[in-house]
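Paired with chain B in one complex and with chain C in the other, chain A is shared by the two complexes that follow.
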Partner chain A sequence: MYKALVIGGSAGSFQVITKILSSLPKNFPLPVLLSLHRLKHVRSGFVEALSIKSTIPIVEPFDKESIKPGKGYLAPSNYHMYIELNKRIALSTEEPVNHSRPSIDLTFETAAQAYRNKLIGIILSGANKDGAHGLKKLKQAGGLAIVQDPNECQVKTMTEASLKVTTVDHIFTTEQIINFLLNIK
Partner chain B sequence: MILSDQEVQYFVNTISNSSNYDFSEYSDKSLKRRIHKILIDNNSDLITLINKIKSKDGFLDKIVKDITVNTTELFRDPQIWQTLKYRILPRFAKNKNINIWHAGCSTGQEVYSMMILLNELGLLEKAKIFASDLNTDALNAAKKGSYKYRFNIGYLDNFDKVIKENPFNYEEYNDVPYNKYFKIDKVTDVIQMNDFLKQKPIFRQHDLVKGGNLYFAKFDLILCRNVIIYFKYSLQNKVFKLFHEHLYTNGYLALGMHETMLGEITSKFDKKGQVYRKK
Partner chain C sequence: MNKYELGIVDTRNIIRTLQDVYNYDFKNYALTFFKRRVEKIIGNYNLKDADEFIQKIKTDTALFESFLQDICVDTSEMYREPSMWRVLKEEVFPKITSDTLNFKIWFPEVASGEELYSTAIILEKLNLLKNVQFIASSISELNIEKIKKGLFDPKKIEFNDTNFVRIFNDSELSDYYTHKNEKAYWKTSLIENTKFIKQNVIFDDYPKGIKLVLFRNQMIYYNQILQERYIKIIYNCLVPGGYLAIGNKEKIDYWNSDKDYILINDSESLYKKKLS
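Take a look at the complex of A and B:
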């Protein structure tokens, strides 16, 4: 019944995200939209690093690329990644938001408009507040909001900020996130 | 506050009814976001803004400028500049002239990047550089060639990668001093391009939506980077047709790292990486 999964993460999320991507079944039924901050000098190589462990293909999409289930879409370095209502990717080089480009807020907010109550959103470890506002929008649009358990996060600023601005459906450890994703239809 | 599609439509219609500008084929999400930003910056609601657009002289032009996204960098994406340096520009070495058009040049950092690269290759003399943008404020900044040091400091790394280093031969290193091309003043926080570069380009205001070729020229190379991401597919195709018409056979079109050509028009180009060659 869900149509897409969107994940936001920053400092301390890389190991969590690789663990999640390596645990998904090859025929995972949803597209996975990834808006992850990276260090400024790590402009390339990130998609390759994620792909090594991932069971589903991960791409840095082209503008206007159409979104397919069972595939991961990583917001390219230095671009914001929006989801259009026609389920295509739209990229933008607009100014960073909250010092972030990609902005997790913007990916979550536009994904929420496109998928409404058919969207699952997960906020992982991170050192700033980006993503909190986006998760709130996702929740308001009827989506299912999950936050990584702050006690497990390497850096808990992002998850705590999210919990401050919105109610969520689950506070999960990495293991619980994986179990949950394995059971969605 | 979230703008509805109807409100965006209302805004677009107001602009097209009161001016020559047409944003109806701009990409939905980013257009909506730009309007939203304008409302916040002007501390205004949509109705008030639209009334002001209709009644206040010069306000519409200001709003049109605010719609456009003007982020650009010196040697953004070094890979593409390395491709230009080693694979594309040397092909023009025997030409009498080299015509290059930066379509949507914004504040001009890539125009200067191109001239620096051409100069290093000994091709600047025979190059004609054309640069256009919708936004006249951005064009004026491009003409000045003066940039904030602290915003551009990271991009000096890009300069080193493209101009000083050779990715195919790690032992090669050309120690080109920055002041050959620009002066850095850390106190006033300015990077100032040198006069011989500033005097070269022919800057013109041009709206890709309206098409047409304001230079009455054909081009060996067109750069249009991170512009068409703001356009819908239909408008992207019109712009690609415009470029196709005004490229010489075997001329090149360079797009942004994550921009691509889709549909029928692709059959008229050979694609290698982010660079398209007209068949």
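Take a look at the complex of A and C:
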């Protein structure tokens, strides 16, 4: 019944992300949209590092690439990643939001417009408030909002900012996130 | 945070107005981008909603000109993706000048001018600037005026300078601009040899005999229909063997496109028009 999973993370989220990606079944039924803060000048290495651990293929998509289930899409460095209504990726070099490009807010907000109540969003560890507004939009559009348990986060600013503006559906530890995702049909 | 949000119907109405009143057709812009951009513009102009924007822009041509400027993304920087500029400097320009002395470079949407000035400075350093004719098209007259004056945002200086030393370690970018009283200007002598063309969304006037087209991260704001149309026009502008540089996350992928172009540098999305 869900059509997509979107994940946002920043400082302290890399371990969590790799743990999640290494636990998904190979035939995971949803596309996984990843908006993670990363170094602007380091174009290569990140998607490779995620791919080594991941059970599903992870790509840095090209502009207008169509989104397929069972595949991960990592926002490329120095671009925002939007989700178009026709379920394609659209990239943008517009100004950074919350000092970030990619901006988690923008990926979440546009994914919410495209997938409405068929979207699951997860905010992980991070050091600024990016993602909070996006998760709120996702929730308003009827999506399912999950936040990593701040007590488990290396840096809890991002999860706490999200919890402040949105009544989320679940506050989960990494293990609980994984169990939840394993039970998605 | 509670900014104005445009519905799909409002967005379509705005597109229709711009088409009817000004004959500018934005329907093949990427929808999410266009919608977000207009939301921002409505906010910047202190307008209430789409209806007020439509009423105003219908009669206010100055507002329309400023809309055309604001729809262009001006947040690029000098030498974005330094690795691509190294390829131009070390491979493409030497290759081009090994078989022709004078050549033309076209910027199909010059936006805020960073790509134009970046190219001019490289050619100046290679002592080739006098041999090159630039053609710079834009939908925004205001941007063209700004570029002619050399004006740029001083907030970008730090990024720009850092990128530049990744390409040239024997000089400073500040040799090419002045920064005083919170304003920054490029040396406009760099673009003396530039022909500017004010254009509509689709070209009504485009150049021929082009050796290199620089069009990075502009087509991402179009949908696939408009992208394909642009790439086909560019094909007709390029000389056989001419180069096309697009953003490193863009690709040419229409039906049979491999008959027209060859990808010569995968990581930088640099293409070459086939010889025949």
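As a convention for this text, the second predicted complex is superposed on the first by the 181 of 185 C-alpha atoms of A that agree within 3 Å, B and C clash if a C-alpha of one lies under 4 Å from a C-alpha of the other, contacts with A are read in each partner's own complex, and residues count from 1 in each chain.
Please note the rule applied: contacts are C-beta pairs under 8 Å (C-beta built on N, C-alpha and C of every residue); 3 or more make two chains touch, one makes a residue touch a chain.
Just so we're clear, the structure is a prediction, and the values are computed from it rather than from any experiment.
Visitor: State whether chain B and chain C clash or fit side by side on chain A once the two structures are superposed.
Guide: In the arrangement built by aligning on chain A, the partners chain C and chain B clash.
Visitor: Check the residue A:110 against both partner chains and state whether it touches chain B (first), chain C (second), both, or neither.
Guide: both
Visitor: Mind working out whether A:133 is in touch with chain B, chain C, both or neither, as first, second, both or neither?
Guide: In the superposed model, A:133 contacts chain C only, not chain B.
Visitor: Contacts for A:60 in the overlay, against chain B (first) and chain C (second): which applies, first, second, both or neither?
Guide: both
Visitor: On the A-aligned overlay, A:93 touches which partner chain: chain B = first, chain C = second, or both, or neither?
Guide: In the superposition, A:93 contacts both chain B and chain C.
Visitor: Of the two partner chains, chain B (first) and chain C (second), which one does A:82 touch, if any: first, second, both, or neither?
Guide: Both partners, chain B and chain C.
Visitor: Would you mind listing the overlap between the chain B footprint and the chain C footprint on chain A?
Guide: Correct list for chain A: 60-64, 76, 79, 82-85, 90-95, 110, 113.
Visitor: Help me check something: in the complex, which residues belonging to chain A touch chain C?
Guide: Where chain A meets chain C, its residues are 43, 60-64, 76, 78-79, 82-85, 90-96, 110, 113, 133.
Visitor: Which residues of chain A touch chain B once you look at their complex with the stated criterion?
Guide: Residue list for chain A touching chain B: 40, 60-65, 76, 79, 82-85, 90-95, 106, 110, 113.
Visitor: Would you mind writing out the residues of chain B in touch with chain A in their complex?
Guide: Chain B residues touching chain A: 2, 27-30, 33-34, 69, 71, 154, 226, 228-230, 233, 236, 256-260, 262.
Visitor: Report the residues of chain C in contact with chain A in the complex, numbered from low to high.
Guide: Touch list, chain C to chain A: 1, 30-33, 36-37, 73, 75-76, 80-81, 83, 217, 219-221, 223-224, 227, 247-251.
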